[in-house]
Structures are given as C-alpha cells and as structure tokens.
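Scrolling down, you'll hit the structures one after another.
Heads up, the next two complexes both have subunit A, just with different partners, subunit B and then subunit C.
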Partner chain A sequence: MVLGLWLAVAAVSLFWTPWSLWWTDGYHVWQKPSPSHILGTDGTGADVLSWLMAGSRTNLLICVLTVLVTAVFGLLLLAAMLARTALFAQASVVVIDALISLPTVLIALILAVPFGPSVAVIVAACGFGYGLNLARIARPQAMLVARSGYVESALSNGASAASVFSRHVIPNIMPIMMVQLSISAGTVVLAESGLTYLGIGVQSGVPSWGHSLATSVTFINVYPITVVWPGLIITCVVLALNVFGDALRDCADPLSNPELRAVRGRVEASKGSEAEYV
Partner chain B sequence: MRFLLRRLALLLAALFGMSVLIFLALRILPGDVASVMAGLNATPARVARLRQELGLNRSYLQQYFEWAGNVVHGNLGISVLTGRDVGVQIVSRMQITFPLILIGLLIACLIGIPLGAASIVARSARVRQSLHLLALTGGAIPALWGAMLLILLFSKGSGLIALFPSQGFPDAGWAQAGSALASLMLPAVTVGIIVGSSIMRYTRSALQEMLSSEFVDMGMACGMTRVQAVLRIGLRVVSPQLVSVIGLTFAEMITGVMVIENLFALPGIGSMLVTDVGNRDLLTVQSELFVLAAFFLCIGFVVDVLHRVLDPRLKGAGLLATAGGAQ
Partner chain C sequence: MAENSNSGDATSTTTESTEQFKAQGIAPDSNDQADLGSRNVSGDQSGSTDESLNSYQRQRKGMPSWAWIIAAIAAVAIVVGGVFAYQRNNSGSDAAAASDSIAIGLTLAPTNLDIRNEAGTALDQALIGNVYEGLVARNSENTVIPALAKSWTVSSDAKTYTFELNADEHFSNGDALDSKDVVWSLDSVIKNEYQDYQVLANVDSIAADGANTVVLKLKKPDATLLWNLTGRAGLVFDEDASYDAKTQAIGSGPYLLKSFKQNESLTLTANTKYWGSHQAKTKTVVLRYITDTNAAINALKGNSIQVLAPITENLSASIAKDSNYVVKAGNDTDKFVLAFNGKGSKTSDKRVREAIRYAIDNKALISSRGGADAALGGPIPSLDPGYEDLTNLYPYDQSKAKKLLAEAGYSTSNPLKLNFEYANIYGTDLGNQLRSQLKAVGIDLNVKVVEFSAWLQDVYTNKNYDLSLVDHNESHDFYNWANPEYYFNYDNKQVQELYAKAVASTSDAEYESYLKKAARLVSEDAPADWLFNYRVTTAYRKGVTGFPLNLNQSLLPLWNVQYKA
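Take a look at the complex of A and B:
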C-alpha cells in the first residue's frame, strides 16, 4: 500500500505540486505547518511538502535504475561463474569474493572524484555493489540447476549455453533474485540519503528525500521539526520494501526441497549481513 | 595449513589487484589528476608545473611502481595540500573511528543477539512477529535521521534531556577519557541500533534454520525443552556464522560510520576521506583508499580463517567452500 502511494505521488508530482519548487518567500521562512503549507516551509520559504513530493520521483528513478543495473550486472556475473571454462569460472568467483568486501560508499567515493556528484554515481556504485551480492547469493542455487539432469539433456540436444541460461537458470533463481532485488531497492533509498548528505549523491537543487533530509539537518537547531518528515518517509518506504521482500519469499519459497536446505541457510546468511549504514 | 597458504595467496593477489584498480581508477577516468587537483581556474602553466612536481608526467608503470614500492615500505606519502604525513593522519584518525565502532558493535550485539533469539523462542506468535517487525524497522531507518532524533532527545544544547555532547571530540583526545567517551556515546548508540537490527535479523534466520535441525531434535530427545535446546545448542552451532558476520560488519563499519562521523563532527577515518575527496587531494585519496581496501581484505582473510577454526565441519572442504560460507 505504501508502495502504491509512492508510485501515485511520484506520478502526480510530475504535473502538480501544491507550491512551485522554486517559489520562495523570504518573509515566511520556517513556518509551522498550516493549511496553506501543510508541512510548513523551509529556510528559503519553499514548501516542504512540494519538495518531498518532487523528491519521490527522483528516488523512484534511482530505485528502478539501480534494480535494473543490479539485475543485469548480477546475471552477467552469474553467467561468468557458470562458464564452461573452469579456469574462467573459478577466476570470476575469486574476483567477486575480493570485490564484495568493498563497501558501496567507497565505490561511490572513487566514482565521485572524476564524475562529481550525480544520480548516475549512486546508481552505478549501488548497482555494482548489489550486483556482486546478488551473484554471490544466487550462485549455489544456479550451480545446482546447472548440474541438473534437465540442463544436461538440453545441452546434449544441442541447446546453446545462452539459451540454457535464459530458459533454465534464470527462472530457477527468480525467487531469490526477486527477494534480493526488493531488498536492494530499499537499501538504495537509504544509500541515497547518506551519499547525498556526504555530498557525493544527488546534486544540490535536485529534489530528493535525501536532499530534503540533508538540508533540514543543517538547520536542526533552528527548526527541528522539519527533520522529522523526510526521515519518516524514507523509513516507511524502506520498511515497506523490506516487508514486501519478506512476503515475496514466503509465497515463492522453492527451497523447501530438503536438498536445498544448505543453500537456504546461505541465502539467509548473506541477507543478514547486508546492512547499509550510510 | 594448506588452506591457510592458499587463502594467504588469494589475499596477496587481491591486494595487488586492488592496488592496480585504485591506481587506474583515479587515472583512466576522465579528469586528469593534475588539472583536477589544480582546480577549475588554474592556468595551463600551473597545471604543467603541478604535474612536474608530482611526477605525473612519467609513464603509468613508473608511477605505479614508485607508489606501490613506497606503500610496501609503509610510506603512504605526504599530502600536497596540507603537508601532513598520510600514514600518521590515518593512525590518529583510527583512534576515534575504532573505539566508536567497537562500542557500536558491542551495543549492536547486546541488542541483536538476545532479541534475535527471542524472536524465535518467544511463546506468543504476536511477540515473535512484532520483534521481527522491530528488526525490519531498525534496518529501515536512515542513519542520518536516527542520529538526528537521538540528538533531539539526548544531546546537550538542543536535546530534551541533556545527557551527552552532540558535536566534536575533546582536543585532549583520550587523555580526558571521560569526556571522550561521552562524546562517542550518541554516535555509538546510533550505529548500535542500526547494526543491531541487522544482527538481530541474522540471528533470527540462522536460529530459524536450527529449529527444524537434528541438533535441536537431539537436545530435546535428551530431555531439554525446545527453548533450552535452541538457546544452548542452536546458538552454539550457529556461532561460527555469527562471528563471520560480525567480523565482516566490523570491516564495513569503518566507512559505514562516515555519515555519523560527519554529523557529529568527529575527526575519524570517514570524515577524513570525505574532506580529502572534497579537496581533490587525489594522491592522498589514492593511498587512503588503498589502506582501507587492504584493511577490508585482511578482515575478510581473518574472518575466513576464524570461521574455519571455529567450525570443524569445514575441515577438508575446499578453498571456495569457506569463501562462500563466510558471507
């Protein structure tokens, strides 16, 4: 429900916000919530609610793009790890293990040096990091599929490796992937707020929740209540995405198969360690 | 022993690869190092002189080997902008970041493990569910916001209940242990809550796995109650995994606390990196990034070895088996 609301608000904000984003009023700064400005105004007299509504579409964009990058990158890595050439497959496993210990903040920092802060930096850094995670987590399941009888028979009937990957491997790892992607979508919202605060996320002037949070934090001593709204929204959305991921796993749990028990332990294990502190 | 040697070789290879990657990342990507460092309004002559001074006009290979050689000898270079030794800088920053992380992790474990276990063994389903929801909520709070709320509640100055300072670190450092500790309290609690909820979720799912395992069945067959069996046997069986996760979390927190260090104006590792990136002090950033990356890789190594030692079942498993299990 929260997610649906999010989509709706993002769509509405494309056409209409209660006040123009750039409409500022030097005489009415830091106004308390009132009927005309439902959540009050900020330090330049701009309407807080309008900025948050506009922010929802930036965050939605970041979320969708990151999920796409994560999925594509993760699947590519997975394909590399299942490669027929043993040396190549092993090498990619080792490389992924080495890279996975790099926090996304660090990757974002490296990228922000030459490119400057932008939405693209967030998407690239998070997509890269979460893609690694996805590949790592889906690997045991994918390996089981790759060694299975039906893959063997498909191969012996002359199916190409690419078609086996898309016809057999991908559908089989779909549940794990969906759960992981919904968690990634939540994590990137958190990451956005942290990175933007550090000045390596969304550029200033672009509305986003992280931006609203970061600007209100600067003025905490002046008018503390503005801090509450963006944080509350982020928490609700991320919580909704996490619960969604949970529900998704519960209804699409193919791992009740006892053979796959060990895999499940591992999936949960890696889920637990994926926290974002930024 | 054989495992140790192979894992060590992997560590060295990863360190080498990482150094090349960081070196190249700061050079191949658009924006020449010298012109970025000189700033937007620099004249071409100034850029050329800077390039000469920093030795950036030599071939990449020469530059890399000089830098790598220095790093191997423990010489991380001297910042061109501030004139300070990067190595000394990192060590002094660590004195703040490390205690912060340790206290945060301690709080996290104190919150996470008991509550995680409780969300499995609690008798009423409603309690179990609400504990799980609590863990999810904890993981959904942006660090920045959580810290803000704590400041509003507990800080001296703007808080409702003035308990702890919200800004800065005493100049005297750890000589004034009391006030140093007090200034770390709010940030550590913020970190503790966020990391704690992730440890809580992890404990929960690991123990859930245990619920239907033969270990718990065995304990119950020997006369323990279900709760006893889960807590006394289940927890012990999952402890190697818990240790791995906590170890990796520890490594991630070094940069994870960046936002919090900035917010509370603590001069730690994270705020150092952000400042240097902001100042475009690229050669310093290069060394700092490498030291941090090396640190993560080393922690990964220690965690893998530790996991191996703690979990005798892994004896005889291949190299890659632990690498996968540790995560």
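Take a look at the complex of A and C:
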C-alpha cells in the first residue's frame, strides 16, 4: 500500500503540487503545519509537502535506475564467476571479493569529485556496490545449478553457455535476486538521504527526500517537527520495500513456501518445466 | 546443517530443516551463521551464570537482613549529606567572586599559530590584542585607537607619521619593547613579504628616533595606513626571542599562550607582568573550536563553554527564550555580495543587472535568516568609512524588474536564463530563495552549488559565470571595486579615480567623502546586489561581561571578559 501511494504521489507531483516548488516566503520560515501548508514550511519558507511530493519522483527514479543497474551489473558479474575458463572465474571471484570491501559512500565520493553531485553518481555508486553483493550472494546457488544434472544434459544437447545462463541459472536464482533487489531498492533510498546530507547526493535545487532531510536536520533542536516528515517517509518506504521483497520471495521461492512446493511438484510431474514457478 | 546445505534436499518437510537450509543454502551470509553460533554460546553462558548467581543468593540467605538495611541507610545518608554540604560550600564561594576561567566556543580554527605566514581570520581573532599587540589597535566601532603607541602625529603633507611609544613597555619574556623592535617588525614584514605586506607598499622608510619614537615616511599620502597598521602588518614582535611560531607565541599582550591543540582548543593565561592598563580580568581563557553548530549549542547548554560566537540566528531561538542566557547580535563587515559578471554575455546589459536588483526582496532573505542581519544597498557596510544608506537605490519592485527585462528583449517566450554558481560553504537556502524570487519576474536561474576549489577555478580565476555569491568579510575592502582585474569584471574609470583620490586624501573627512561618492556610483551601476550585511550573533551565559559583540570573528580582545556564575 505504501509503495502504491508512493507511485501515485510521484505521478500526481508531475502535474500538481499544493504550492509551486519555487515559491518561497522569507517572512514565514519554519512554520508549523497549518491548513495552507499541511506539513509547514522549511527554512526558505517553501512548502514542505510540495517538496516531499516532488522528492518522491526523484527517489522513485533513483530506486528504479539503481535496481536496474544492480540487476544488470550483478548478472554480468555472476556470469563472469561461472565462466568455464577456471582461471577467469577464479580471478573474478577474487576481484569481486576485493571490491566488495569498498564502501558505497567512498565510491560515491570518488565519483562526485570529477562529475559533481548528481542522481547519476548515486545510481552508479549504489548500483556498483549492490551489484557486487548480488553476484556474491547468488553465486553458491548459481553454482549448484551450473553443476546440476539438467544443465549438463542441456550442455550435452548443444545448448550454449548463454542460453544455459538465461534459461536455467537466472530462473533458479530469481528468489535470491528478488530479495536482494528489493533490499537494494530500500537501501538506495537510505543512501540517497545519506549522500545528499554529505553533499554528494542530488544537486541543490533538485527535490528529494534526502534534500528535505538534510536542510532540516541542522534545526532538529529548534524545529523538530520538520525533520519528522522526510524521516517518516524514508522509514516507511524502506520498510515497505523490504517487506515487499520478503513477500516476493514467498511467492516465488518454493523453499520458503510449502504451498508453492506442492504446486511445483504437481506441475513438474505433469510438465517438467521450470518456468512456471518463476 | 551441513548435510542439508550440501544435498540441497528440497523435499525435506520439517520446518526446522527448511529454516536451516535457508540460513545456509539460500543466503550464505556469514553474519547469519555467526549470529546463530554466538546465540548458542551466549545461551550456554547465561545458563551457567544463572547457576552461579543462584548459588550465591542461597549462600547469602543466612545473613541477618536488618543489619544490611541499617548499614545501607547509613551509607546513603552519609553520601547525600556530603554532597549537599559540598554544593553549599561551592555555591557560596562562586557567588562571591568571578570565575578564574572562561571557555569560549568559536567555529573557525587556525591551522597553526604562525601569524606572519599563515592566512585566515581565526589567527587575528585569537592572537591580536591578546598575545600580540600592534602600534595601534581598533575598537569595537572599527576605528583606530592607541595601543603600543600612545599617540601619533601626521605631517601636513600626510607623508610622515611620528609614533610615540608608551614608556616601559616589555614583552612577556621580560625583554624590553622599544622603537628598535617596531622598526625591525615592520621592516621584516616588507622584506620577507609576510602576510599583509601589500598594505605597506607605500612605505618609504621606517626609523627609530630615540627609544620611544618611530618615524614612518610614505612615498605618497595613504589614508588607509593607520587602519592597516591595526592588523597584522603593524604587529610588533621581539627581535631577540626565539621560538617556534607555529606552536608558540611570544608577544607583549595581556595574555600568554599556554597551549594550542589543533582544531580543538587554544588556551590563554593572564600575563601577570603586563605593561599596560588592559590587565586581563580572567586568569584562564580557553578558546574551543567546535564546527558542528548543534554540538556547540549543547556545549553552551552543558556549561562547558560560557560564550558561543557565532551562533546561527535561527538556532538561537531556544536559547534566547531561556533566562539563563543572553543572545545579542553585533555589527560586522561581512557583505553577502551577489556579483553579476560585468563582462557576461547577458549581465553586461545594465538593464538586466538593474532588473535583478529590483527583483530581489532583501528583507525576505534577512527575515528567513532570523532577522539579525542588516540591509545593505552598496559596497560599504556601516562599520567602514564612507558608509551611506543606499538601500533606496534599488528597492524591491517586481513591476520595474519586469519592465526592464522587457526593454532588454526578454519575455515569457524568451526567458532570461542565467547560471548562478557559488561555493557550498554558503548552503543551499540562499540559492533556492534567489531562484524563486527571480522566477517571479521571469528569470530562470540555473543554480550550481560547488566545492570551493571548483568555484575558485570557474568564477574567481576564469571569470566564467553570470551570477555568483561570496561573503566578502573584509573591512576596508572597497579597493576590489576599483580593480578591473577582480572577478567582478567591474571597470568604471570614475570609480577608480575617486578611490585613488580617497586613498591620497590628507584628512579622514576627505577620505570618507570620496569613498561615499565612489560607493554610490558603484551601487548605481548595479554590478552586484548586496544581499545583506551579516551581523554576528553571540550567545552567552548570564554573568559574562566584557565580551566584544561587534566584529568578534576577526577582532576579539579578551582582556575585559569576565564570568560571575
């Protein structure tokens, strides 16, 4: 429901916000919530609700892009780690293990120096970091699949490595991916606010929840109520994304869902296809 | 566990083994396993601890309980009584006399103490007037007052200054301070190009005339000389002392440097052998450098500092309400200058520049910052010579702004787009506010908040900008407007001539009147909008006296400061 609301608000903010983003009133800064400003005003006298609504758009964009980058990058790395050239596969495992120790914030800092703070920096840094995690976590399961009897039989039937990867490996690691990607989506919302607070996130003037949080957090002792709103939204959305990931896993993973296992047993008995439970 | 994970037996039905499989096979996260392991271990331990505790309690049951209770009550009574007695004693002694130490919270810390080579106002703030003294000094109204020199005379052609030193001056190490030290100090500033040596460019010669007289000759009259001597260029050092200037300081002032911890604190103790009348009133003064504003406020509330300067006006609200504190704003010379590139493709059009000035609601900006700052309509703030209230030249008037923009050829279909680049040390609020204010008259501002180094490159060096924002905090810095090479790209011959005449004038009145004329010309040309004159807000505990409120970010003589709890 939270996620649905998020999508809806982001869509609405494309056309309408209660106040224009570029409306400020220096005489009425840090106002308490009132009928005209439902969540009050910030330090420039701008409407907090409008900024948060517009911010949902930026955060949604960051979330979707990061998930895509994570998925693509993670699968590429996974493919490298499953490569049949043993040396290449082992080298990639070592390299990934080494890179995984780099904190996302550090990567973002390195990127922000030449390119300046922007949405792209967040997406690139987080996509990179989370992609490494995804590949590392999915590897054992993927190895099991890659060495399974059906893959061997597929290979002996002349299937290419690429088709084995896409038809057998990816469907098998889908539950893990779902969980990882939903965690990534949640974490990137947190990362956005953290990086923006450090000044290497979204650029100034671009609305985002991190921006709203960063501009009000200095004044937490004087105007605590203004900090609550972005904080609350970020918490809710991150929680919702994690719960959503769990739910997805429950739907897709036969190991955690006995009902699905029963269905799968029947389906397998009748059809023998793996695609059904994905 | 190991069996399950290896076999990958998906048909096992008990929930327990499924759980184990999840932990091992699906999410082989080492943390999970470690958690499981440690939980087991700690479980065992807590069992054994409980066991021993139980046996201990069983043992103790044999003791007579009433004896324990009486002993406990007696112990509590003794402790409470002691604490009360101690407090009463303490408060009695505190109320009678001033505290012999005071801690002051500041923001900008000096990197080292080498005042002759290291830039930054944090050094002026900490050392000038406290450890080091100059020939002359400044009062809180920014005018020149006697210091080491008790008096001076200026020849009628304004080219010879004769300073008369106080008798029996000496440094804190006991060395006598006489005219030889003054001549050596000023000469070495010029010779070694120490900080601020440029302000002595006009000096022809400095010579001692007896032990207590110094004669300074100029190549041409310089009305700024005396004020400039109140700064670093006029400080007098001990020629014979040898010390590491980066970590130590030996001067003639009312305080001695006790210790300096980089980015943390600087401790001053009273110089008991001070030569002058400004004897320090507090024995120990600690300057604590706290960059985080909320941490600084907490330090003030927790009484680990008694004064905080500056405090963000908007953050001071909670303290101002508390009757234990005083919050006051003092005047300063910080000018928040929104510069319009004089040679920019669009901002070279005077109508555009005027339109921007009309479109900016300076009072709204000041109000949003808490209302302490002062409106400023021109390049000279109220504490500098030549100040005149010029806020009426370009009052907030959106219709005039729109009219001028239309004349310049801009409309809703062809809006004026400008790049606004400034350093991130000034925060994002001002950029957002200006963007929204200018949008109201049809100007699209592309706001770029960048690292200071990027700003130095783009704006200061390459002058590649339309609009930029800088807090020019220096006093007496009108010369920037007479310098066509400066990043403003402002080139007005008349202003340059007036400024040259002002500097060459032989009396203060003449100097001020030329500056006034020049400042008005500059403001009329609209090469910038002076958003506001920042005023520094100081918060301190009730009972603190003698703390300078004006200019205290660059000038902080502390001899008079005192704290009575």
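Methods note: the second predicted complex is superposed on the first by the 250 of 278 C-alpha atoms of A that agree within 3 Å, B and C clash if a C-alpha of one lies under 4 Å from a C-alpha of the other, contacts with A are read in each partner's own complex, and residues count from 1 in each chain.
In this section, a contact is a pair of C-beta atoms (placed from the backbone, for glycine too) under 8 Å apart; a residue touches a chain by one contact, two chains touch by 3 or more.
In this text, all values refer to a predicted model and were calculated from it rather than measured experimentally.
Colleague: Name the contact category of A:G186: first (subunit B only), second (subunit C only), both, or neither.
Modeller: After superposition on chain A, A:G186 lies in contact with subunit B alone.
Colleague: Hey, is it subunit B or subunit C that touches more of subunit A?
Modeller: B
Colleague: Could you look at A:N242 and tell me whether it touches subunit B, subunit C, both or neither (first, second, both, neither)?
Modeller: First partner only.
Colleague: Of the partners subunit B and subunit C, which touch A:Q141 in the superposed model: first, second, both, neither?
Modeller: In the superposition, A:Q141 touches subunit C alone.
Colleague: Looking at the overlay, does A:I176 come into contact with subunit B only (first), subunit C only (second), both, or neither?
Modeller: second
Colleague: Report for A:G199: first if it touches subunit B alone, second if subunit C alone, otherwise both or neither.
Modeller: both
Colleague: Quick check on the superposed pair: does A:V72 touch subunit B, subunit C, both, or neither? Answer first, second, both or neither.
Modeller: In the superposed model, A:V72 contacts neither subunit B nor subunit C.
Colleague: Quick check for you: in the superposed arrangement, does A:T215 touch first (subunit B), second (subunit C), both or neither?
Modeller: second
Colleague: In the superposed view, which residues of subunit A touch subunit B and also subunit C?
Modeller: Common interface on subunit A, subunit B vs subunit C: 140, 199, 220-221, 261.
Colleague: Okay, in this complex, where on subunit A does subunit C touch?
Modeller: Within the complex, subunit A touches subunit C at residues 22-27, 29-30, 43-46, 116, 137, 140-141, 144, 175-176, 179, 199, 203-205, 211, 215, 218-222, 253-256, 261.
Colleague: Note which residues of subunit B are touching subunit A in the complex, please.
Modeller: Residues of subunit B touching subunit A: 10, 13-14, 17-18, 22, 25-26, 29-31, 36, 133, 136-137, 139-146, 148-149, 151-152, 157-158, 191, 194-195, 197-199, 201-203, 205-206, 208-209, 241, 245, 248-249, 251-253, 255-260, 262-263, 273-274, 277-278, 280, 282, 285, 289, 292-293, 296-297, 299-300, 320, 323-325, 327.
Colleague: Mind listing the subunit C positions that touch subunit A in their complex?
Modeller: 8, 10, 18, 21-22, 25-29, 293-294, 297, 312, 314-315, 317-318, 361, 363-368, 424, 428-429, 431-433, 435-437, 439, 447-450, 454
Colleague: Under the definition above, what is the set of subunit A residues touching subunit B in their complex?
Modeller: 90, 93-95, 97-98, 100-103, 105-106, 109-115, 136, 139-140, 186, 190, 193-194, 197-200, 210, 213-214, 217, 220-221, 224, 227, 230-231, 234-236, 238-239, 242-243, 246, 261, 264-266, 268-278
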